[in-house]
Amino acid sequence: MSLAPGFEDPVLEGQGAFRGVLNAMARPGSVQALAGLPQAPAPLSPVAAAIALTLVDHDTPLWLDPALAASQPLRAWLAFHCGAPVVDSPAASAFALIAEPLAMPPLGSFALGSETYPDRSTTLIVQVQGFHDEGPLLSGPGLAAPRRFGALPLPSDFWVQLRGNRALFPRGVDVLLAAPDSLAALPRSLQVEAD
Amino acid sequence: MTTPDPAYNFAYLDEQTKRMIRRAILKAVAIPGYQVPFASREMPMPYGWGTGGVQVTAALLGPEDVLKVIDQGADDTTNAVSIRAFFKRTAGVATTERTEEATIIQTRHRIPETPLTAKQILVYQVPIPEPLRFLEPRETETRTMHALQDYGLMHVKLYEDIATHGHIATTYAYPVKVAGRYVTDPSPTPKFDNPKMNRNAALQLFGAGREQRIYAIPPHTEVVSLDFEDHPFSVQTWDRPCELCGATDSFLDEVVMDDQGRRMFVCSDSDHCARRRSARPEAAA
Amino acid sequence: MYVSVKGGERAIRNAHRLLDKARRGDPGLPAISAAQIDQQLALAVDRVMTEGSLFDRELAALAIRQARGDLIEAIFLVRAYRTTLPRFGASVPVDTAAMTLRRRISATFKDLPGGQLLGPTFDYTQRLLDLDPEAPTAEGAPQTATAEEAAVPRVTDILGRDGLIEAEDGSEAPVADLTRDPLAFPAGRDLRLQSLARGDEGFLLALGYSTQRGYARTHPFAGEIRIGFVQVELYLEELGFAVVIGEIEVTEVQTVNQFKGSASAPPQFTRGYGLTFGYCERKAMSMALVDRALRWRELGEDDKGAPAQDEEFVLSHADNVQATGFVEHLKLPHYVDFQSELELVRKLRREQEERRASLEAAE
């Protein structure tokens, strides 16, 4: 069995992907294009794969949703390129890869950190089809002015869950949304306006 | 841009170390003002000389970046020169002294006078990241104080100043509250620079190597200097302009001219000063 | 007119040229080789390897030469180099009972299996400075006892057979590594020992000494000091067993300390542990004293508020590379902060003057 390659240039493409993720995290709801994408085995999308290669390694327990966990070629690809231990419990993960957002576990089931170490929490990497600006009104650190933002598909109660996540601050999860050629981020500091 | 030294990985750090630092930076951005522990590496420069800032910069840098390094506001101070040379050698990146040309600015003790933009990242070198450290030396204690938002000790300290001196006697490393939650050390910048941190368009990242902490202030984030209603925060002012460029709104360094008590006051931000002088050719003579 | 000082780059370049010149000293004298440093200043090499956390005699010797004999600077050079090296894995724990001994003494038993072996020690030398300008040479070949063929049991193992000393935790759990994870408190003993092993000899010496003088006294005996060579083995997944990858010299010190027993433990002796690369006896002894003092919590002893009992204090300040960097950073420019303080002092003085003037006017 031949293994699909990772980044063509791990140093520079990893750096480029990181700056994309950092920009997204620093400016919640802004859409950041990513180039130099790896081709990982399905159902992991190229952008989600780029984020995984950039941030995930031996030191970061990884949770895979059932759709991803079912793919043996993908598990082999992740084992070779990232080397992260795959864990069964979302609460034990530093990163979670989610290919089917509609079936994702509630945000509260992931690691939320503690009051003294809020950084010991899960970062979710969620694959979506695309972004739009008809979602809820977002505000908070990183936003000069409130903006509307949405992504598809997401669970119907996703934004309610995200408000619950904000209520835990500084505990909580951070969410990276991976579209086919771009990404956006929803850090825990984000305020989501109620409907 | 020059060719980076092939004896080292791009920007010196190995990729695993960069991933570890990048993860810490993302957590820092998501929890504004919170000090994220990170496994700071031993760098080929002494602790206390910018190892934290250097590691953050190394984790950010790409070949498209233009780097500016300042110490005390100036590009030509020896430690700034040394750090700039380090990145020129290990990453081959373009460097500049002009604030507006830079994509990444690494700084010690100052924020440039030229307003920063959304395309820029300001990286601070931080010696002691814990604003409560001088009130409580124990990490285990200060961590709990942050968890409980128990900042009474800090207010007491500031108020004692007022009782003794009539006003708050902290002039640099003046504590701020970030996004209404964490009390944070602005690194030992003069309090003159505190207002520039508030709702800055640029991302501000802070690296403390010896103390193994990274923290962040995202763009457009509210940063409030701690004060009291009857003793509002105020910044230093000078009763004279910069004697080189005439600026009345910049932080001034005092230069001793002779042993007869002659003094001269000039901008600490060397780029700001040089630019103002070149814009006034008649004064440059 | 005043022109802001330019030319930091040129100044640095010239300072470094001066350094190179000063390092070489009088060019009329032969340059010292790394091999000479390794052989004739071997204890300096041992200290640099220990606190630099890298067993490589040649690199340590080169670092000492480059650092002009400044051992903390040499340790720094070794550390900075070490971080760039790839990691292949962790060795299996070295077996110090199987050590090829060079020195072995116990202050607790007059005679014991394996005997006392003084080895190349400064002990019992009369510290009379040898004023012969020629280097002292060995007079005649020393007579040494033939090394024991069989493994020499550790004193603590002899005590352990009768349950008179606490049993060591034989846990196979992975050990902490402060070079890979940020220091966090409370620290386990594994992390504490790593920090002490890398820690500054002078700092640990002073702390260990303070425990002897009553700042959290632990009633220590030098159970055993053993110095010699141990094999380093690496477990190879592909082979399914461990193979010897080399031999290193180490110093191991185990102190035997009084312990009255607690609600959960019978009266028995407890241990302090010290381990270094090479021949670093003073460091290893100091380390064992401080290790024991730091164990007050797990042994149910009182916190006497002594510096050597304070894990945050000890671990945060033991590293001389960190300490020297931060102390020496005071050399860096602080114009801006100083300017702020200067303005404040002037303002405070002005205000005081005004107050006095208005008081005098009112009188």
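For reference, chains read A, B and C in written order, and residue numbers begin at 1 within each chain.
Keep this in mind: a residue touches a chain if its C-beta (ideal position, glycine included) is under 8 Å from a C-beta of that chain, and two chains touch if they have at least 3 such contacts.
Here the structure is a predicted model, which is why all the values come from computation and not from measurement.
Participant: Taking each chain's centre as the average of its Cα atoms, which chain lies closest to the overall Cα centroid?
Facilitator: Answer by centroid distance: B.
Participant: Give the label of the chain whose average Cα location is farthest from that of chain A.
Facilitator: If we average the C-alpha coordinates per chain, C ends up farthest from chain A.
Participant: Nearest whole angstrom, what separates the Cα centre of chain B from the Cα centre of chain C?
Facilitator: 34
Participant: Round to the nearest whole Å and give the separation of the Cα centres of chain A and chain C.
Facilitator: Here chain A and chain C have centroids separated by 43 Å.
Participant: Per the centroid of Cα atoms for each chain, what is the distance between chain A and chain B, given in Å?
Facilitator: Inter-chain centre distance comes to 30 Å.
Participant: Send over the residues of chain B in touch with two or more other chains.
Facilitator: 37, in rising order.
Participant: Among the residues of chain C, which ones contact at least 2 other chains?
Facilitator: none
Participant: Where on chain B does chain C make contact in their complex?
Facilitator: 8, 14, 37-44, 46-49, 51, 71-74, 76-82, 85, 108-110, 127, 138-140, 165-166, 169, 171-173, 188-192, 210, 212, 236, 243-244, 251-255, 257, 264, 266, 268, 270, 273
Participant: Touching residues of chain C toward chain B in the complex: what are they?
Facilitator: On the chain C side, the touching residues are 2, 4-9, 11-12, 76, 79-80, 82-84, 179-186, 312, 316, 321-322, 324-329, 332-337, 339-344, 348, 351.
Participant: Okay, in this complex, where on chain A does chain B touch?
Facilitator: Touching chain B: residues 10-12, 14-16, 18-19, 21-22, 25-27, 54-60, 94, 114-119, 121, 123, 140-144, 169-170, 174, 187-189 of chain A.
Participant: Would you tell me which residues of chain B are touching chain A in their complex?
Facilitator: Within the complex, chain B touches chain A at residues 9-10, 15-16, 18-20, 22-27, 29-32, 34, 36-37, 59-63, 118, 143-144, 146-148, 179, 181-182, 199, 201, 203, 216-222.
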